[in-house]
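Data block below; observations after.
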Amino acid sequence: MKKERLVEILSAVQSGDLTVASAAGELADLPFTDLGFARVDNHRALRCGFPEVIFCPGKLPEEIAAIAMRLSEGGGRLLATRADQAAVDAIRSVLPDAVHHERARAITLDREPAEPTGLVIVLCAGTADLPVAEEARITATALGARTETIYDCGVAGIHRILSDRARLSSANALVVVAGMEGALASVVGGLVDRPVIAVPTSVGYGASFSGLAPLLTMLNSCAAGVTVVNIDNGFGGGYAAALVNRLVSASKEVE
Amino acid sequence: MKKERLVEILSAVQSGDLTVASAAGELADLPFTDLGFARVDNHRALRCGFPEVIFCPGKLPEEIAAIAMRLSEGGGRLLATRADQAAVDAIRSVLPDAVHHERARAITLDREPAEPTGLVIVLCAGTADLPVAEEARITATALGARTETIYDCGVAGIHRILSDRARLSSANALVVVAGMEGALASVVGGLVDRPVIAVPTSVGYGASFSGLAPLLTMLNSCAAGVTVVNIDNGFGGGYAAALVNRLVSASKEVE
Amino acid sequence: MKKERLVEILSAVQSGDLTVASAAGELADLPFTDLGFARVDNHRALRCGFPEVIFCPGKLPEEIAAIAMRLSEGGGRLLATRADQAAVDAIRSVLPDAVHHERARAITLDREPAEPTGLVIVLCAGTADLPVAEEARITATALGARTETIYDCGVAGIHRILSDRARLSSANALVVVAGMEGALASVVGGLVDRPVIAVPTSVGYGASFSGLAPLLTMLNSCAAGVTVVNIDNGFGGGYAAALVNRLVSASKEVE
Amino acid sequence: MKKERLVEILSAVQSGDLTVASAAGELADLPFTDLGFARVDNHRALRCGFPEVIFCPGKLPEEIAAIAMRLSEGGGRLLATRADQAAVDAIRSVLPDAVHHERARAITLDREPAEPTGLVIVLCAGTADLPVAEEARITATALGARTETIYDCGVAGIHRILSDRARLSSANALVVVAGMEGALASVVGGLVDRPVIAVPTSVGYGASFSGLAPLLTMLNSCAAGVTVVNIDNGFGGGYAAALVNRLVSASKEVE
Amino acid sequence: MKKERLVEILSAVQSGDLTVASAAGELADLPFTDLGFARVDNHRALRCGFPEVIFCPGKLPEEIAAIAMRLSEGGGRLLATRADQAAVDAIRSVLPDAVHHERARAITLDREPAEPTGLVIVLCAGTADLPVAEEARITATALGARTETIYDCGVAGIHRILSDRARLSSANALVVVAGMEGALASVVGGLVDRPVIAVPTSVGYGASFSGLAPLLTMLNSCAAGVTVVNIDNGFGGGYAAALVNRLVSASKEVE
Amino acid sequence: MKKERLVEILSAVQSGDLTVASAAGELADLPFTDLGFARVDNHRALRCGFPEVIFCPGKLPEEIAAIAMRLSEGGGRLLATRADQAAVDAIRSVLPDAVHHERARAITLDREPAEPTGLVIVLCAGTADLPVAEEARITATALGARTETIYDCGVAGIHRILSDRARLSSANALVVVAGMEGALASVVGGLVDRPVIAVPTSVGYGASFSGLAPLLTMLNSCAAGVTVVNIDNGFGGGYAAALVNRLVSASKEVE
Amino acid sequence: MKKERLVEILSAVQSGDLTVASAAGELADLPFTDLGFARVDNHRALRCGFPEVIFCPGKLPEEIAAIAMRLSEGGGRLLATRADQAAVDAIRSVLPDAVHHERARAITLDREPAEPTGLVIVLCAGTADLPVAEEARITATALGARTETIYDCGVAGIHRILSDRARLSSANALVVVAGMEGALASVVGGLVDRPVIAVPTSVGYGASFSGLAPLLTMLNSCAAGVTVVNIDNGFGGGYAAALVNRLVSASKEVE
Amino acid sequence: MKKERLVEILSAVQSGDLTVASAAGELADLPFTDLGFARVDNHRALRCGFPEVIFCPGKLPEEIAAIAMRLSEGGGRLLATRADQAAVDAIRSVLPDAVHHERARAITLDREPAEPTGLVIVLCAGTADLPVAEEARITATALGARTETIYDCGVAGIHRILSDRARLSSANALVVVAGMEGALASVVGGLVDRPVIAVPTSVGYGASFSGLAPLLTMLNSCAAGVTVVNIDNGFGGGYAAALVNRLVSASKEVE
């Protein structure tokens, strides 16, 4: 259920165009649907601005399909992450119009897409960071943001990012995806006065300790304005950036 | 140097009100001043929206004083964090009008304070988290945000935060400060559609491992929209929240 | 050997209904049977209230079968955990009436099931936590507890657990299973005056460090009454809860 | 507010002995009192069976005194842990009848002590574990349990605990406090069919890593029925044991 | 080359039974043979009492075969550990009389076996620890020790080890192999006045962290006389115990 | 583009042999080529002395091929590391003359090989360290160094390294590759007055923690002159040694 | 009670020289004395070959004095480790003839010293390791071993240990104490065919992580025959070495 | 003993200017002097190019003085690091002309200083890194290098380092000292084709984990040519850089 629909219903009640009984009917659903193995959080779109997102690992394909169905009923929007082939097949079997983003390992559905607003820029340090960066981009897009990307611009060749310096400040928020030493977030954070969401990746080996190294690097960033999400959490990075982007864009629209 | 002043100078040059020579004079400073032991980053206010902030530990009192002097020259604004008594004395000796915030261990100076805008809410889980929460609040204030606080509302008494639920959504960004298990960030993140900056603290003992426990909790938050800064980094939390707040407020003002 | 049988034997000796020799015969078994590769702890049912449980990993199928046979001789009860298909086949080949619980990866046998008593509630935060939660439920059931479940009620949608608040206090003990940030244990612990056994799971990725994050969260819980078992140890959680449940139920029955 | 008092009030309303207005007056307090720096959780006694406990570290002495005052108003009971001399002085200044338990670093007040019920046994492995063990004992006592202690019975001299074997099974719950390798919990857990709450301590050096070693030992205990709390958390161990003890004792009393 | 052979040669030179030239011929080998990919340490039997042992992982099958050949030339003795099927096949192809110990994953060859001396007892806590325990036993045997085993005697059923208490003191050294919480080493160490070599295993899950838990337990053992080797290092445990055993036995023989 | 070519171009411009336009043409390339998924750093040979190196993991085969093509255009030199079969096939399909070094898992191309200069010695402790040692050797060779190797000379047989002591000091730099306890770096570092680059490997098991043990050993080396690179980073070790070697050789040549 | 005394008593009973009653009197003591805060393990000398040792930290001075008194009654022998000045004063006040070893931080008492037997050599890598090495030496001496020391012979100057090579093999056991990278244990282990007890120390900084680095080094030693005790546990190292030494010496004496 | 003196002696023997006896006299010293508590490594200047350096922590003042005396006898050169006031006083009492470098916490003596050669540049990220950076500079100077410094040029203000870019390539080796996220090493490493020695510092808090964060960052540097030393090991960084510098300079001189 989108927030707009809620306002519509309540306004209709206020104006007398809708009886209390009818409104109650539509609102009657509990804020969650108990599927037994899952309590689908129907009101999250209302409460947090986007339907519950399906994190696929650990769920059976039939469970994923059932949750996807239930979520898509609310407003025709869907985002499923970390989807392997079984998950893709399961969702496609019930929602054939769902789109599979292969490198991002994500599935999206948006039956009434709105015009993207604002700007979120996604950067990544190396080619191997692409799956996570793409997850961030797909997520931000799913949440309504216009997105741009600057890929493979790690700090060992600092001119690669400096050449795009001007462009960076046009974004409402930036997502910086980097593995190995993860220093890109600090460099970007020092160049702009925008929120930088840093996403460490597990790209690397040895003393990267599966992403611990860039995670610590980013948490210790001496550039203010940098905040961090979990290792490989492209979704979280894209979501947080899109949240800021929407707030800024909404402010502009309101006026 | 504030951004406004830069625009002013350049416009004056464009309009012929200022000779290139005079403009050059004012702009002549390198983007940093080399004090020998420190390269003060003069243009950061321009580049990142706020003058360089003094992180006091590890600097000699006389160094702190010299940096504070140089920074304050740019625009009469200053923020120094983790200031012990020696740092306070050093700054006060050169900037007697600087304000010491004891619990926050911070020093601020703002000779031409603007009206605070927007809203940043700072929450903390327990009384022992206050120093970090206050550092966040002072920082957000120094960066121009209107702030409110909800303190001692940890999840073991969940009604304490639920009673303030409505208020939470009025903020442009929230800072959630928590030690021990740090679960508050997830609960708050699940209640609002606003960016939540989570600040783990070293409050606790044993398996908190000096803040590692809440840090991991927050990084693994199942609530989207939660991003994390370093342990005890109230400054970072307040800064990131204020950055979002300013972007949103600026959007509103512009229209 | 069940405790009741021991009391029976000793009483019969006391009353003269049984000769010392006969009693000795039945009691003659050493407290353990040495199978060479395993010392089956025959008296554990007596000492600890339930026969030794078979933890399958690392044992050869034929060893599992042999131990299962020996244990089941004592009283017709059996619990084997972490059973893969080879373990299932091995046990079924010697005990065809053993029951395989697929999602819980457990095998049980109870030839003289008693009426379940009391109440243990098992909660889990997400669908991916189900295998561990089910292991807890099966274990508690095997130890004689009546059980209920509340699944997929993580803290990011706090209303999902609050809606079941009243029910929580009817349990003698609760098992809270959660991965990722594991905050559910604290929230539940703050709502009831019952022992909460927290079971962290390895569900998650990156900075969850295979369950370290929820483990630390739960150990640092600010809600008193929460105790913790090993990561993914649904068995341990169910066992401890059932132990409390039996003590409470037994007290009631005695009067 | 004790639960009994609540039932009393509601019964009086039901019977007409108390007007709704009067009852409302007494119940009027919010479930928490906002002291600014702390939100005192007044209803916790009702919800969780004991007033909020004051964890002293990180709180200013005047804050501790104010919280202690507010808590003690509810029912004359108080427990403050990790109290240093300043905390002791602060509480004594407002509650002169509060008792200081030096080795346990705890302060208690119980103006209407009830008869202790059931039995909680507290064991510790070495003399250096005494402060934590005593904190557990004081806490269990404060929550109404009868307590006994078996101190300095570490596994390197296994006969020390075996000699007390019979006694162990008379407890409703046991608290096992141990540092260094923490093996005592497994040994005790293997001897009884009662809940064992294991409390690792930071006693030791080197590879004990401030209590990490016994924490891991206890979490990996091969004895079922052992659950674990945070390092040095004598309070948590005593609380959980007392919770079980009260449930068992209450069951007995009810009949 | 065995030490005895060296003494023989030198004595023969001394007595004139062997020319210096002939002796030089036999002794001519460098203390190591450079195979290019490996420098086989020929004199180790002389220096350390046993030929170099082949640790198979990371070596190509043909390398293993070549090293095995070269080592076996010195005295007809060989020990290879962690041998997978390819390693077994490689060694068998050049040394068909080598023996494969399947559960121990070891290969031995001893063409002139001496009478085993002294006594080394190998204990393990659970059935899953058997591969490591067997590696210890095979190693000790290869180094000339008489061995006995007590398997599956973990501390959760303490009577299983106490029943063998008397036997323990008859050993010159004991190897205690245990995973999970690893408490067995402390209990055994407290029962005997013999060196106890503790071998932690990676048996377990979750907070065992692949053997870290029993490793720390054993390092923190409060029983003096317990020393520790690497996780799963059955070879190291057996070797150290056999070294002690040989010293003690040799002393006896000398007299 | 090699540095020599740049000097050539600029000299030709200076001397009038080349028009500015022609020079500009050749220099026109941006310092990086944006392939979309990768920003190939063309000027790195100029800036850092060697073309960008391809780290294969995480890149798609077609991406690897494209980058290899682009890099080889600059000067006919190429180095790709951690190449699996797919990577080898991809590069060979576009650069059939590229050489695959199987044990080193590396691919090289050098169409105009210069005479190797100076000397880099690569040592490794055990046979299992060979893949990493070979990666170091291949890398150093690719960067123009003459190389020698001393393999399988771990400290448990200290005479194996002492026998080569004189040779060690003839190198301009040494690469010491070792897993398990990694002590070889300290011993070598104590024998020479040359830079020693220590490369820890993940060879080992248990408490080697995938190379953490030798990493820490090497970082704590009491022998000055030892510096360390990432676990298994043979490339980094060979690169740093070759860098020193080139500087020293260049100095000699210049005179 | 020394073992000899026990044999004496029992023999006297056998021969009729002592009545059963008298023997019982002497043997009447429980195997431990319960001092309330401590259960002094009287029979440890019998069971493990040396009276219980007092580990001072965490014990109150008066407790230390009481335990020391009780232990010294058994046979006039005493060893207390990690004794600070308060502990020294406490013991001296009740046992004025106790000896304080300042650098070793140990206190010993041996009223009927026997002739030292065998040989234990204690080595340490650096001067800063002396307190731990001395604790090992004092402990081994207290347990009856003849001891020698080789101090400050770290591997960065390998000739320092090689010059003493011959002497090393004369010991029954060696204790190698080293901090920083801890490589000395492997080098020594490779030179002798004697048990080497490795004691890591917390000497060092940074990535030594308070002794973790040498601990891991030693656990991963590629030299067989090396076993390890806790960080800074000179006592444990000396005890284990002395245990071996006594076994070997006893064997010699028996013949 | 300087290498030059050794060559002199041997040449004199060769030429007949010095009798073998006299030469033997001068060379007679063992390669180390055994002071009991320390084995001073006299030949290290010969073997490694600089006398043994005194690492002060853990040594008694009188020991430091004795070692300093002995070392200075060899050639009038001395370097002592991590010197507290007691160490300074001890050395000054025997070597009054020793120089104390306060911020670097170092003491040097060089009675026959040679002309500094080559160039080592020391960079640090922040003012708080100065003590470590200065230790590196003093060390490099003591080893004969000409040094320059670029301090407080962290990556959050990337222009601060870019402005010095040209200068960087004039160094033979660079030492990059940085705490917090330690990203400076990668940026510098990407700008030059010179060896970069990265020194992580413990500057920072929280998730810097006492320098672990920058250590991991530097080890994972994607810029080739970067090698790493221990946390806060300014000495090691300066030493390694000076070693390279000397090799390069020596090459130049030789021609």
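Per-chain numbering from 1; labels A, B, C, D, E, F, G and H assigned in written order.
As a working rule, contacts are C-beta pairs under 8 Å (C-beta built on N, C-alpha and C of every residue); 3 or more make two chains touch, one makes a residue touch a chain.
Here the structure is a predicted model, which means the values were calculated and not measured.
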Intersection of contact sets, chain D vs chain H, gives B, G
Ordered by label, the neighbours common to chain C and chain H are A, B
Dist(centroid_CA(chain E), centroid_CA(chain F)) in Å evaluates to 39
Separation of the C-alpha centres, chain A versus chain H, in whole Å, is 50
In chain A, the residues touching two or more other chains are 126, 156-157, 190-191, 206-208, 212, 215, 219-220, 223-224, 230-231
Full set of chain pairs in contact is A-B, A-C, A-F, A-H, B-C, B-D, B-H, C-D, C-E, D-E, D-G, E-F, E-G, F-G, F-H, G-H
Per the touch rule above, chain H residues touching chain F in the complex are 47-50, 53, 172, 190-195, 197, 215, 219-220, 223-231, 235-236, 239-240, 243-244, 247-249, 251-252, 254-255
So, in the complex, the side of chain C touching chain A is made of residues 126-130, 151-153, 156-157, 159-160, 163, 203, 205-208
In the complex, chain D touches chain B at residues 30-32, 36-39, 41, 44, 52, 55, 57-59, 63, 67, 200, 202, 210-212, 215, 230-233
Per the touch rule above, chain C residues touching chain B in the complex are 125-126, 154-158, 162, 180-183, 186-187, 189-191, 204, 206-209, 212-214, 216-224
